[in-house]
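Let me begin by presenting the structure, written as structure tokens, before commenting on it.
First chain written, first letter: the chains are A, B, C and D, and each begins at residue 1.
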Amino acid sequence: MGGKGTKEYEESLRALQIELVKLQADLIRTEARVLVIVEGRDAAGKDGTIKRLTEHMSPRDTRVFAPSKPSDAETKQWYFQRFTPHLPSGGEFVIFNRSWYNRAGVERVMGFATEDEVESFFRTVDDFERLQVRDGLHLRKYYLDIDRDEQKERLEERQNDPLKKWKNSPIDASASKKWDVYTKARDDMFRRTSFKEAPWRVVKADQKKPARLAMLADLIGSFDYKDKDESVLKRNRMLVFPWSKKIHARLAK
Amino acid sequence: MGGKGTKEYEESLRALQIELVKLQADLIRTEARVLVIVEGRDAAGKDGTIKRLTEHMSPRDTRVFAPSKPSDAETKQWYFQRFTPHLPSGGEFVIFNRSWYNRAGVERVMGFATEDEVESFFRTVDDFERLQVRDGLHLRKYYLDIDRDEQKERLEERQNDPLKKWKNSPIDASASKKWDVYTKARDDMFRRTSFKEAPWRVVKADQKKPARLAMLADLIGSFDYKDKDESVLKRNRMLVFPWSKKIHARLAK
Amino acid sequence: MGGKGTKEYEESLRALQIELVKLQADLIRTEARVLVIVEGRDAAGKDGTIKRLTEHMSPRDTRVFAPSKPSDAETKQWYFQRFTPHLPSGGEFVIFNRSWYNRAGVERVMGFATEDEVESFFRTVDDFERLQVRDGLHLRKYYLDIDRDEQKERLEERQNDPLKKWKNSPIDASASKKWDVYTKARDDMFRRTSFKEAPWRVVKADQKKPARLAMLADLIGSFDYKDKDESVLKRNRMLVFPWSKKIHARLAK
Amino acid sequence: MGGKGTKEYEESLRALQIELVKLQADLIRTEARVLVIVEGRDAAGKDGTIKRLTEHMSPRDTRVFAPSKPSDAETKQWYFQRFTPHLPSGGEFVIFNRSWYNRAGVERVMGFATEDEVESFFRTVDDFERLQVRDGLHLRKYYLDIDRDEQKERLEERQNDPLKKWKNSPIDASASKKWDVYTKARDDMFRRTSFKEAPWRVVKADQKKPARLAMLADLIGSFDYKDKDESVLKRNRMLVFPWSKKIHARLAK
């Protein structure tokens, strides 16, 4: 479980969640709008991370949105249209469990989108995000990265865990087989959609618990708020770091 | 913690959650529609119960809806209109964390609805629910009941717990003070809205963990599904039982 | 053109539209909710009637809703769910150009709904409407009835009119061919869904202009409002009348 | 009435509407998305123009959206969020009767928006529109311009016309009084939001009928479509022309 005992983990998690509650109180008071995009490989731990993130937040002011397959009508709209109603209003903290980046990931790899549509996405996503950020949105983009072996192991575990049966999908099955295609898609995404106003941050997620703590500390630490306790928010630059061409070697291959 | 050790609780909970996964697979396959209404006193444990219920269900097929204060436009509509978009589609398992019964509870007690509106609600809610049930909806209505002292203690704890600060609200403050008015409202609600097709089930929730287990067992047990393991679904009729005039004495006063 | 000269028609129409403006001012002031359902054979004149009805009403307080084919997700919901968001809010005057009665008409005739679904619709629609009416909705249901020859002529005209090309549809093509099946569907609908709180009113629409005037007079006349000018609202019982078993002989066969 | 006899007007209008039907058939076939923004002074003739534009279009593929006052929740969102659901899907022809430009017009003049909000709007609207246009939206922006005297006359007429009573609003009352402030707001809007991909086009609307015909010809003429009849689409550059600094002198002062 990565060097952290369960008790230590629980205590650290609790301390971070207390900071989150303080942060959220401030965000509500100032009517700030927050959008956290959580992307990553299949089985990288998105669901579990989001569960800990939201566990003690105010349900009324927190929303998790997991985009489903677009309907027929939606495929004929502006690509960002079906996501727009889910953007945060003042005081809301919204988490996207996968996001419009589906187009650059699963839709591209599985052939659900044409190359033209993918290219069009790449050409407009930065403008769309910049528009939001300039309008005051606090946008954070995290990518959970795991190794090939770790993914394989988790997908196998999943098949045997009676509580995780619903997680199995035909797309999962392709995750391992298409590992290299996903790797290339991830790299293209980083290269084309990481920019100053909305950079990608990579979370090395092979060890679930340390990764969760590091990501929460990084996310919370990126905000200023009343009574912020920096001592709790120790960043771990080995586990969470901004994407850049230089660090590319640290990503799973 | 009510006679159940933590380990025993965890094991029982896990066994129930495995049944839930089986149940949900069946519901999805048959495109059944499920609506579970969870009502109860303030601090009766609704959030915690729902968290355990949904913990391992498929997020894509499970929704929790917590109605917020109606907007100005919504107050001028048919009362059930703003709830309707949240009803389950085929294969969906929806939980209402509070519901249209707000009108018979908090809205009535706090004076947010007129006596006419409350009366009109009572006169139509059974027809509305019957309409749904006859159309195939699986409707389950649970009310979490706690004693006055237990509520007082929990509300005080809440004020001191840094993770539960957001739960405090001016309405909470009134929960204790208006205990008797809420009791009367609850009793009226039971009397007027418990009918054959959609009866109320009472959960004695003073001890959180046994109450959660009992409610899950009762809920799951009320469905037929493939590979149902009845040995896991032992009902506890002291903790969960259908409301009726006769059992009224067992409710908190 | 049915005995009414164009000028007389225009004057009568204008007088009725002035009454409508007065009526609507009253409805807005009292926050009344109005739903007018307009059904009828293909080419019976629904669009034209609705155009005259809404021509001078306040766009902000008037809505016309024409249901389209249900989406995949919608077919798995409660049948009335997709109509509910379009119900009027306080002060709104809503017209349904076709309605949930599609199920008893085109969907039944064309086989888009199963016999079970049709039967289920018949068993619940009255309860659904009664629920609304008891909640204060002003519900008016009109059926525009034309003769077989008249329909045929209009559908042919439509094909040659460059302004009406979009009205042609494969379903139109079947209107004539399936005349008898539609007649039976209409008769079943009347028999099973005309009840005290929400009776059907039949409009003999073979002559467009007199029919429009008669329907407007009938609709407006069914409300009480300030400065109502009864002299303008002369009803024509030959053209608009409540459906009943006795008058059945007057319907197109 | 501007030199055009009623009969000539009716014939020209009909010819244009026939072109519209052809255009729309093409747009539906190619799943094109069209958004026509209609702005202008109070009483400039927006409603009447839109009525003629949509009169014979396919209701199923045509939508008119008139933004109302934002709700409390909406005021806390991204400004463009509440407009986004109304953008056209593939094959849809959408007309905005007033639009997001309310912020630069009535909201600014009446003080419903702060100067910061107005400035923020000006800084982002071009990016927002460009994003849409690059994504394939056919965006057309028309401004109906009338003289001070003409406006005054029309607003007075409106007060005496029993069919136009609902058009009277306290904001109307201010239209004349605030003429100069509106003029300045209009000029700022033109200067800051007319750009290559989405230029403003001015319609001199003092004479209603010629203005309508000229605008329809201009709008239709801006598209390519099958069987386009250019002879019908004679442009009148005195009545409709692109805004530019040079032509500023031709606007109402």
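To be clear about the criterion, a contact is a pair of C-beta atoms (placed from the backbone, for glycine too) under 8 Å apart; a residue touches a chain by one contact, two chains touch by 3 or more.
Quantities reported herein were computed from a predicted structural model and do not represent experimental measurements.
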Across the interface between the identical copies chain C and chain D, with over half of residue numbers shared counting as same and under half as different, the residues used are same
Max Cα-centre separation from chain B goes to chain D
If you tally C-beta contacts across B-C and across A-B, the winner is B-C
When centres are defined as mean Cα positions, the distance from chain B to chain D in whole Å is 50
Rounded to the nearest Å, the gap separating the Cα centres of chain A and chain B is 32
Rounded to the nearest Å, the gap between Cα centres of chain B and chain C is 41
Chain A residues touching 2+ other chains are 73
Counting only contacts in the complex, chain D reaches chain B at residues 71-73
Chain C residues touching chain B in their complex are 31, 33, 73-74, 76-81, 84-85, 87-91, 120, 123-124, 127-128, 130-132, 134-135, 137
Touching chain B in the complex, chain A uses residues 14, 17-18, 21-22, 24-25, 47, 56-61, 66, 68, 97, 162-167
